[in-house]
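Take a look at the structures below.
You will see chain A twice below: alongside chain B first, and alongside chain C after that.
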Partner chain A sequence: RGSSARSEAKSGRTDLIFLIRFRHCCLLRNQRCLLAYLYDRLLRIRALRWEYGSVLPNAIQFHMSAEEVEWFNRYKKSLATYMRSVGGEEGLDLTQDIKPPKSLYIEVRCLRDYGEFEIDDGTTILLKKNSQHFLPRWKCEQLIRQGVLEHILS
Partner chain B sequence: MAEAYFPVAPGLGLEENFLSLDDILMSQEKLPGRAESALPRLAFALVQGAGTGDAIPEGSKLEIPLWLAKGLHDSKRRIISVELPKIYKEAWRTVFSADANVVDLHKMGPYYYGFGSQLLNFDNPENPDIAQTILQTFISRFRRIMDSSQNAYNEDTSALVARLDELERALFQAGQKGLNDFQCWEKGQASQITASSLVQNYGKRKFTDLDG
Partner chain C sequence: GGASLGAGACGRRTPRSCLQRAFCQAWLNEKFAPELLESKPEIIECVVEQLDHMEANLKRAKKGDLKVSVHHMEIERIRYVLSSYLRCRLVKIEKFFPHILEKEKSRAEGEPSILSPEEFAFAKEYMANTETYLKNVALKHMPPNLQKVSLLESVPKPNLDSFVFLRVLERQENILVEPETDEQREYTIDLEEGSQHLIRYRTIAPLVASGAVQLI
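Right, the complex of A and B next:
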């Protein structure tokens, strides 16, 4: 419909210009909707890096396009480079301690079977559903965010 | 996800935000208009039950979504002309100035402020009055929204938000969030690490079978 209108308009039927303009509006509208949708997906993917961690669960990756996975990897890299460049020689992990910490060690309860978990002094802990542990905060933070552990306040 | 996800907010004033999902929804709302000349072949889009190839006769009344009205409109009114929806007209404007608090802005098209601001893009002699009314309406309703959002803790707020338009609902939610964050802090829970809300949502949707 579009191309025939265009060729008819060129050959002198100026009243069809309205049709072309109408079609153009529709195309722009579709483009806008698509771009906004894709952009919103990127905003959510970016939020995942902060909320969940640097490794996304398969369930989520399954629903991402190859370009989105690539974008996530590049974002991760940018963030890591930036974090290395601030806070002295070791860098500063900005994704940790998002809530102000009150203590070095925290009480956690395991919400589902996870398996073995190694802590800094070399000992391993078995994370079984409903088991409770007293662990260093910085080791648990990610597992809590991922829903494996639950932070218990005394 | 709630804390790190910042969607594109709707635009303020005459400009929409291109990528804002709220603005896209808002610009889908319809306004009344009129075909200023015969529009060949467009009947399929704008007239119900029309066949392809039918023309819209000159002078027909149409209901056009805002995005299309903005695209087809020009000051010489060669294709279409647009009219104000009735809630922005004189009669309703007087109602608003009498007591804005009683009006159900959700029913009157849920984007009263956003859509009203967009109407100012069409040159209409009533624009200054429309702008004034929208502003005054907001001012008179704001106090109640702020108060109720700050005082409704842990209760069902559906009655409070039922008659608010989308902009007001967003404000209400912002107030609620502030209240909840404060209460959380007062209870000493501000340092408690919580699971990402995304994880909780995916758990409900049973994606765990795809995992690993």
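Right, the complex of A and C next:
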């Protein structure tokens, strides 16, 4: 439909020029809306990497298209490469240390059964629902964000 | 590496406190500036070296030594600031990626880069990843004359007119301030050392880069 109007306009029907321009504006607007929607979804998916870690919960993956999953995988690979390249031999995990450290150890409560959890000096702790522990802060950060542990502020 | 921040530059103060000051300045500036600032590879390298050094000391220390907790806390704090600084830069890189990559492309030979080589690689990958995604999901299904989109035009630029708080480190004279309304005319101000101001970032951007002012 668009190309026939255009070819008619080329052959001299100048009143169709306005129709073509108007239609082009509509198409451009649709393109912009669509890209904005897709881009916004990408930004939210990006935020998931920082919130949940590199393995997304199944419920969330279910809502993502195959191409979005591919974008996510490429993003996390790119991020991992970058994080390995900064901060010494092992790299620096930038998704940790989100808040300024207030203390070395914190009191946490376990919100659901998680199983065994190893801390620095080799000892393991059993994280059972409702158990309370006094653990190194940096070890707990990820689990707190995932909702496994809850920081108890007295 | 650390030699550039040695005693010569700071006189009385130790190289370590000089580094910490320069590092904190870079961190705060990056936090409050609306655009991505120049990368500071020397500072980062020194801080990372210092962290490695402190962590090695910590491993050797006797368990139960009181100093261990204090050192550990110090390591945690430095690591937090380093992570915060690098994260802040990554967020800006992702937010303004077409403009940053364009700026890097048109950078002159001797000019310092705003991106570290690793950040540059990350930015390029991010752009390629996003472009490929949009092409495969939407653009290639569109009518032929709509299959290209300029990310440079679609992605918003950093707002250089946003207001920032700053503290003056080195006295500046005759800074030209643009009028806010049509009735005003442009005027000049002097920035006294130690004074604090709320001003549009665009007006003082070069002063942040030169270290004459500190964003707070």
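In the analysis below, the second predicted complex is superposed on the first by the 131 of 154 C-alpha atoms of A that agree within 3 Å, B and C clash if a C-alpha of one lies under 4 Å from a C-alpha of the other, contacts with A are read in each partner's own complex, and residues count from 1 in each chain.
We adopt the following convention: a contact is a pair of C-beta atoms (placed from the backbone, for glycine too) under 8 Å apart; a residue touches a chain by one contact, two chains touch by 3 or more.
Please read all numbers here as calculations on a predicted model, not as lab measurements.
Participant: Would you sort A:16 into first (chain B), second (chain C), both or neither based on which partner it touches?
Facilitator: So A:16 only meets chain B here.
Participant: By the touch definition at the top of the document, which applies to A:139: first (chain B), second (chain C), both, or neither?
Facilitator: Neither partner.
Participant: Contact-wise, after the overlay, does A:34 reach chain B, chain C, both or neither (first, second, both, neither)?
Facilitator: second
Participant: Check whether A:101 is in contact with chain B, with chain C, with both or with neither, and answer first, second, both or neither.
Facilitator: So A:101 meets both chain B and chain C here.
Participant: Answer with first, second, both or neither: which of chain B and chain C does A:42 touch in the superposed model?
Facilitator: In the superposition, A:42 contacts chain C only.
Participant: Does chain B (first) or chain C (second) touch A:76, or do both, or does neither?
Facilitator: neither
Participant: Counting residues of chain A touched by each partner, does chain B or chain C come out ahead?
Facilitator: Touching more of chain A: B.
Participant: On the A-aligned overlay, A:62 touches which partner chain: chain B = first, chain C = second, or both, or neither?
Facilitator: first
Participant: Looking at the overlay, what does A:92 touch: chain B (first), chain C (second), both, or neither?
Facilitator: second
Participant: Where on chain A do chain B and chain C both make contact?
Facilitator: The overlap between the chain B and chain C interfaces on chain A comprises residues 28, 32, 35, 39, 46, 98-101, 137.
Participant: Under the definition above, what is the set of chain B residues touching chain A in their complex?
Facilitator: 1, 3-8, 18-21, 24, 37-42, 45, 67-68, 71-72, 79, 188-200, 202-203, 207-208, 210-212
Participant: Looking at the complex, which residues from chain A come into contact with chain C?
Facilitator: Interface residues on chain A, with respect to chain C: 2, 27-28, 31-32, 34-35, 38-39, 42, 46, 65, 67-68, 70-71, 74-75, 78-79, 81-82, 85-89, 92, 94, 96-101, 104, 137-138.
Participant: Would you tell me which residues of chain C are touching chain A in their complex?
Facilitator: 44, 48, 51-52, 69, 72-73, 76-77, 79-80, 82-84, 86-87, 90, 94, 118-119, 121-122, 125-126, 129-130, 133-134, 136-138, 142-143, 146, 149, 154
Participant: Can you list the chain A residues touching chain B in their complex?
Facilitator: By the definition above, chain A touches chain B via 1, 5, 15-16, 18-19, 21-22, 24-26, 28-29, 32-33, 35-37, 39-40, 43-44, 46-52, 57-60, 62, 98-102, 106, 137, 140-141, 144-147, 150-151, 153.
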